[in-house]
Amino acid sequence: MRSADQLREVVIQRGYLENHPASVLYRSGRTVVLCTASVEASVPPWLVGKGKGWVTAEYNMLPGSTSPRKRRDRGGKIDGRTTEIQRLIGRSLRSIVDLKQLGEQMITVDCDVLQADGGTRTASITGGFIALAEAVKQIAPDSSIGSGPLIDSVAAISVGLIGDEVRLDLDYELDAAADVDMNVVMTGKGRFVEIQGTGEEATFDDEQLTQMLGLARKGIAELTDLQVNQR
Amino acid sequence: MRSADQLREVVIQRGYLENHPASVLYRSGRTVVLCTASVEASVPPWLVGKGKGWVTAEYNMLPGSTSPRKRRDRGGKIDGRTTEIQRLIGRSLRSIVDLKQLGEQMITVDCDVLQADGGTRTASITGGFIALAEAVKQIAPDSSIGSGPLIDSVAAISVGLIGDEVRLDLDYELDAAADVDMNVVMTGKGRFVEIQGTGEEATFDDEQLTQMLGLARKGIAELTDLQVNQR
Amino acid sequence: MRSADQLREVVIQRGYLENHPASVLYRSGRTVVLCTASVEASVPPWLVGKGKGWVTAEYNMLPGSTSPRKRRDRGGKIDGRTTEIQRLIGRSLRSIVDLKQLGEQMITVDCDVLQADGGTRTASITGGFIALAEAVKQIAPDSSIGSGPLIDSVAAISVGLIGDEVRLDLDYELDAAADVDMNVVMTGKGRFVEIQGTGEEATFDDEQLTQMLGLARKGIAELTDLQVNQR
Amino acid sequence: MRSADQLREVVIQRGYLENHPASVLYRSGRTVVLCTASVEASVPPWLVGKGKGWVTAEYNMLPGSTSPRKRRDRGGKIDGRTTEIQRLIGRSLRSIVDLKQLGEQMITVDCDVLQADGGTRTASITGGFIALAEAVKQIAPDSSIGSGPLIDSVAAISVGLIGDEVRLDLDYELDAAADVDMNVVMTGKGRFVEIQGTGEEATFDDEQLTQMLGLARKGIAELTDLQVNQR
Amino acid sequence: MRSADQLREVVIQRGYLENHPASVLYRSGRTVVLCTASVEASVPPWLVGKGKGWVTAEYNMLPGSTSPRKRRDRGGKIDGRTTEIQRLIGRSLRSIVDLKQLGEQMITVDCDVLQADGGTRTASITGGFIALAEAVKQIAPDSSIGSGPLIDSVAAISVGLIGDEVRLDLDYELDAAADVDMNVVMTGKGRFVEIQGTGEEATFDDEQLTQMLGLARKGIAELTDLQVNQR
Amino acid sequence: MRSADQLREVVIQRGYLENHPASVLYRSGRTVVLCTASVEASVPPWLVGKGKGWVTAEYNMLPGSTSPRKRRDRGGKIDGRTTEIQRLIGRSLRSIVDLKQLGEQMITVDCDVLQADGGTRTASITGGFIALAEAVKQIAPDSSIGSGPLIDSVAAISVGLIGDEVRLDLDYELDAAADVDMNVVMTGKGRFVEIQGTGEEATFDDEQLTQMLGLARKGIAELTDLQVNQR
């Protein structure tokens, strides 16, 4: 059994699709996300002529990723949860990109969940960064993190409060049991990008907040190592 | 000029519409939100027969609330920002409601922004709670906060980082200048309900986080006093 | 009690929103409409390059304006009644505007009903004219009615047939009792702009028509006086 | 050339579709409308269990009915003009139906314009009544107008003001030239059902109104004769 | 009674609408389709500047064409069957058009089914070709089939398997009884354009396929004669 | 290089997702489709109470499956090609299911294309059958093909005409070069389920048809062997 401060096993398959170098199959336990980063030579209307690029993300769960089957978002209405998640992924990825160095190009990072077992949004950010870095490598082959369009790396993890215990990396079962659920997005250098802590039918105090943030910091340091050093 | 730890002036008009007792016009500086809480004797399908009620919220900006004019959300697609905000308002309000004591009833809190000058989501939560409390009073006249469907009160405020300075209650001008923007939702008893901190093109460290949270706590205590004690 | 030929009390708050000079809160009894007129420096595609401007209107009832709560028009389908009303408001306002003198600008008059007690479409026209006139004053400060983009003023009122009695200005209760319902739009100079008389489950004869039109003329003269002379 | 008080030639083909007895091809000059009245053994939700029926109408212009080709209303948004027209047709037909005698049945009158040359809404009402009467005959074979579900007949015609001249039955060319356009719906017994007079960029006075209504009355009497007596 | 290899009676009314020369009322037994071909002086975005034209088709069943009444496709979702049929009609018509000779023009062939008794898609192709040929004649008066934009003619028919019997031209009753249903589109010169054979709850073998194709060839030869020679 | 009558290499991964036994990753060359078959204990409205089950399919291409990136079908409009393909997959799968033996259950087969290199619809049918068979095994463990809900197996392949050469199994490059494209769906016992042959800017004759069908039969026999015998 996994201890309270232990991540699920992470498996990263870079270049998963032969035709698409910036494609990554990211597994965190039984959560499986296919991340692909596609480059277009145009930017959204509000950026035209500003000499800057854009990074955006789309998030989607395949119907077979859950049981019972999840209905597709085809009726013209994307559900609120999906909208929130893909906005979070987009903001997180943009936080470590120098959009000026990107030039007038747009990168769309698609995160399609093949199997969902909790933590799909944090897996999408962590895996999405890897796909993004591959795409940047295609268009700026000599760049590296800190020198070129990528300022830093970024990863994300969830922490939670189950009764009095603080837990790292909630899978579906832990998430269902949690009173408070917090997603933390942090750069490789250890600075916060985003904190989203929610207690729908519970609340939390300062000390619990401090413990959760500490555990998240530890998890993200491990993920950063997998993203950046282990190839 | 307002100091860094000072709230904008708040003006609360309870019973703003003659036909609707649970209607509140909430002003925070030049931000003006009309909050109405409507009770229906039915619950969403997934709650039928569970002996519980539901509280939900809808958020909307009127076209004349901004300059230039904001287009209406009529094309069948609610924009992502609106979706996120109304989900946040709903979660925040539910955090202080005992849904079992509510019984099989649904309360919808509508937050329509008549004039927007920053902080519309936090104004919607703070004003929305007042409308909600009025609606609860209609259906449970003998209840009070802590005894009856309302467990606690709830309010929200924004804090931000502008350069090195931490600021309370960002109006539009401050918000545009802020590197980091954080919305904090807290109960009257001082427990966190929700923390959402974002640095789209910036990041922040532990100490800055601590300062922002402290300032938010101070502001929320003042708002709670206006909500609960001053009638 | 109001007599058969008496208007409800009208209260007009000009400049209701600090940030928006062309904003008017118009009250007719318990019917409350917020009218704002916003100017854009572009015209719809079919008018581009024709040297003419455009005036259009949008009408909306806030959810808390009725009991039970009115659902928002968000599913992509605006209901037929809303469409008809906003087309009527737009035509009525355009009837007294010299679109050539306006130049290639578009004015959108938004009529958001905060509280509905019958007569919301006629209140929207009467209040919408006041907001429109304020907006015109911003862009043509030296103009006045009859000299500049505004050719005349315009106002509207309802009349109805309840049994054998002809009534002026139907509130919700009278409207529900009426066999025939007629909306009349007229300029300040007393010329007809629009007549819409309907007897869904009843019909009416020539003499009843004459009586209804006479009463409408009297009511509109009083409204014109409030719009134009009383500031 | 047609005189100012003369109708266009009307040709009525009853039973136009072999499989559908209540189908009528109605021609007024070059305006051609196919009207079919379909009966369903159920009523809209708000009428269930009230012992009453319902009559509704749908209006549509085929793409080839105009030049240039009219785009279909398929994008999920019915245009405002279509909505207004089909609501008018529905109200007009219901004005002469005793919904209680209809019992819990719904009749939908579809008016599909095959060729448009002005006056399609009034042709739809006049032709739609004939289709409706055929459908009523199917379900109440022994009834007649005045005895059974049909209380009276109903027909409609347009009148207009072109310069100083009052004209009956505006075709496309006359309509484009008209300053004021008025549609009048009247029963066979000569009572008004609906008056809709509009002067988008013009206005009209009492005397002109009286002349237009007189001419409309004359035209409707002729149409009633064609609907009811000439088979 | 019709024999197994006999077509239903076909009646073709060219120039059915006075205002629209390329309009054809096509009857095959009780199936009635109004086909109109409209020319626009522009092409879809992906063809701009390529010196080629485009031919497309839209298919629609009027509500009164079936019993019970068919609901209109207005909710923003065109049903799958409609989509398939109009794509088939478009491909079939394009197969005999030299798009380069058409130049940068688009022809839209609208096929509106007034009465449906089986075989509406094949009637739409066969009748749609006649309307298309009329439209081509307007824009290229000196052309003929084989010399000008039209390379060949095209027609379509259905064949089916009912038990062991192969039948030509399935009306509604035969279609409901058929185990296998096949639509064949063929040019006047006898070359296949499209074969769509389907056995939803049945399957078929090589010999049955051969018989069906032979019968289709015979039927199409007869239709070609009506399209091209008989005027 | 592949010869004209040779299939691409097929790789089948059964049970690809740990949480979903009826999940299959089907590869045909560089075309990769994830097929999952989900069982629900309810049927569509029109089948309720008829003692029969239903099988349906949904088809989707992930954005990263093509270059340039394919936009998601989220705007409320599924494109025509997608609609056609998923209807074809559904019909093909139903052709070999005894819906009565299935009982009142619905199986949805989702075919999500991870990488597209031509032939995605035929891969979806062939792979979809394997997922379907796994799902049937879950609900009818003792059944086998021919005894239980599955009457037969089903597979599909494309054939085409490139110049004068008949080719089996078109990848993207061959498909782009083909004059005629034909998809053939056939059962394991060698009976036709569906033939769809299309020559958008070309046509074909009887002999070419015979050659294409022969080649398809050969390919399907090989696929059937992989589906059924090789585990």
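We just call them A, B, C, D, E and F in the order they show up, numbering each chain from 1.
The rule is simple: a residue touches a chain if its C-beta (ideal position, glycine included) is under 8 Å from a C-beta of that chain, and two chains touch if they have at least 3 such contacts.
On a predicted model such as this, the values are computed, not experimentally measured, just so you know.
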Chain centres computed over CA atoms; the one at greatest distance from chain D is chain A
Cα superposition of chain A onto its copy chain E, rotation angle rounded to the nearest 5 degrees, comes out at 120
Separation of the C-alpha centres, chain C versus chain D, in whole Å, is 28
Chain-centre distance (mean CA atoms) for chain D and chain F, in whole Å, is 51
Taking each chain's mean CA coordinate, chain B and chain C are separated, in whole Å, by 33
Each of the following residues of chain F touches two or more other chains, namely 76-77
Residue set of chain A touching chain B in the complex reads 76-77, 80, 83-84, 86-87, 91, 94-95, 182, 187, 190-206, 209, 213
The chain D residues in contact with chain E across the complex are 17-20, 23, 30, 32, 34, 36, 38, 40, 58, 60, 62-65, 67-69, 72-78, 108, 110, 112, 114-115, 117
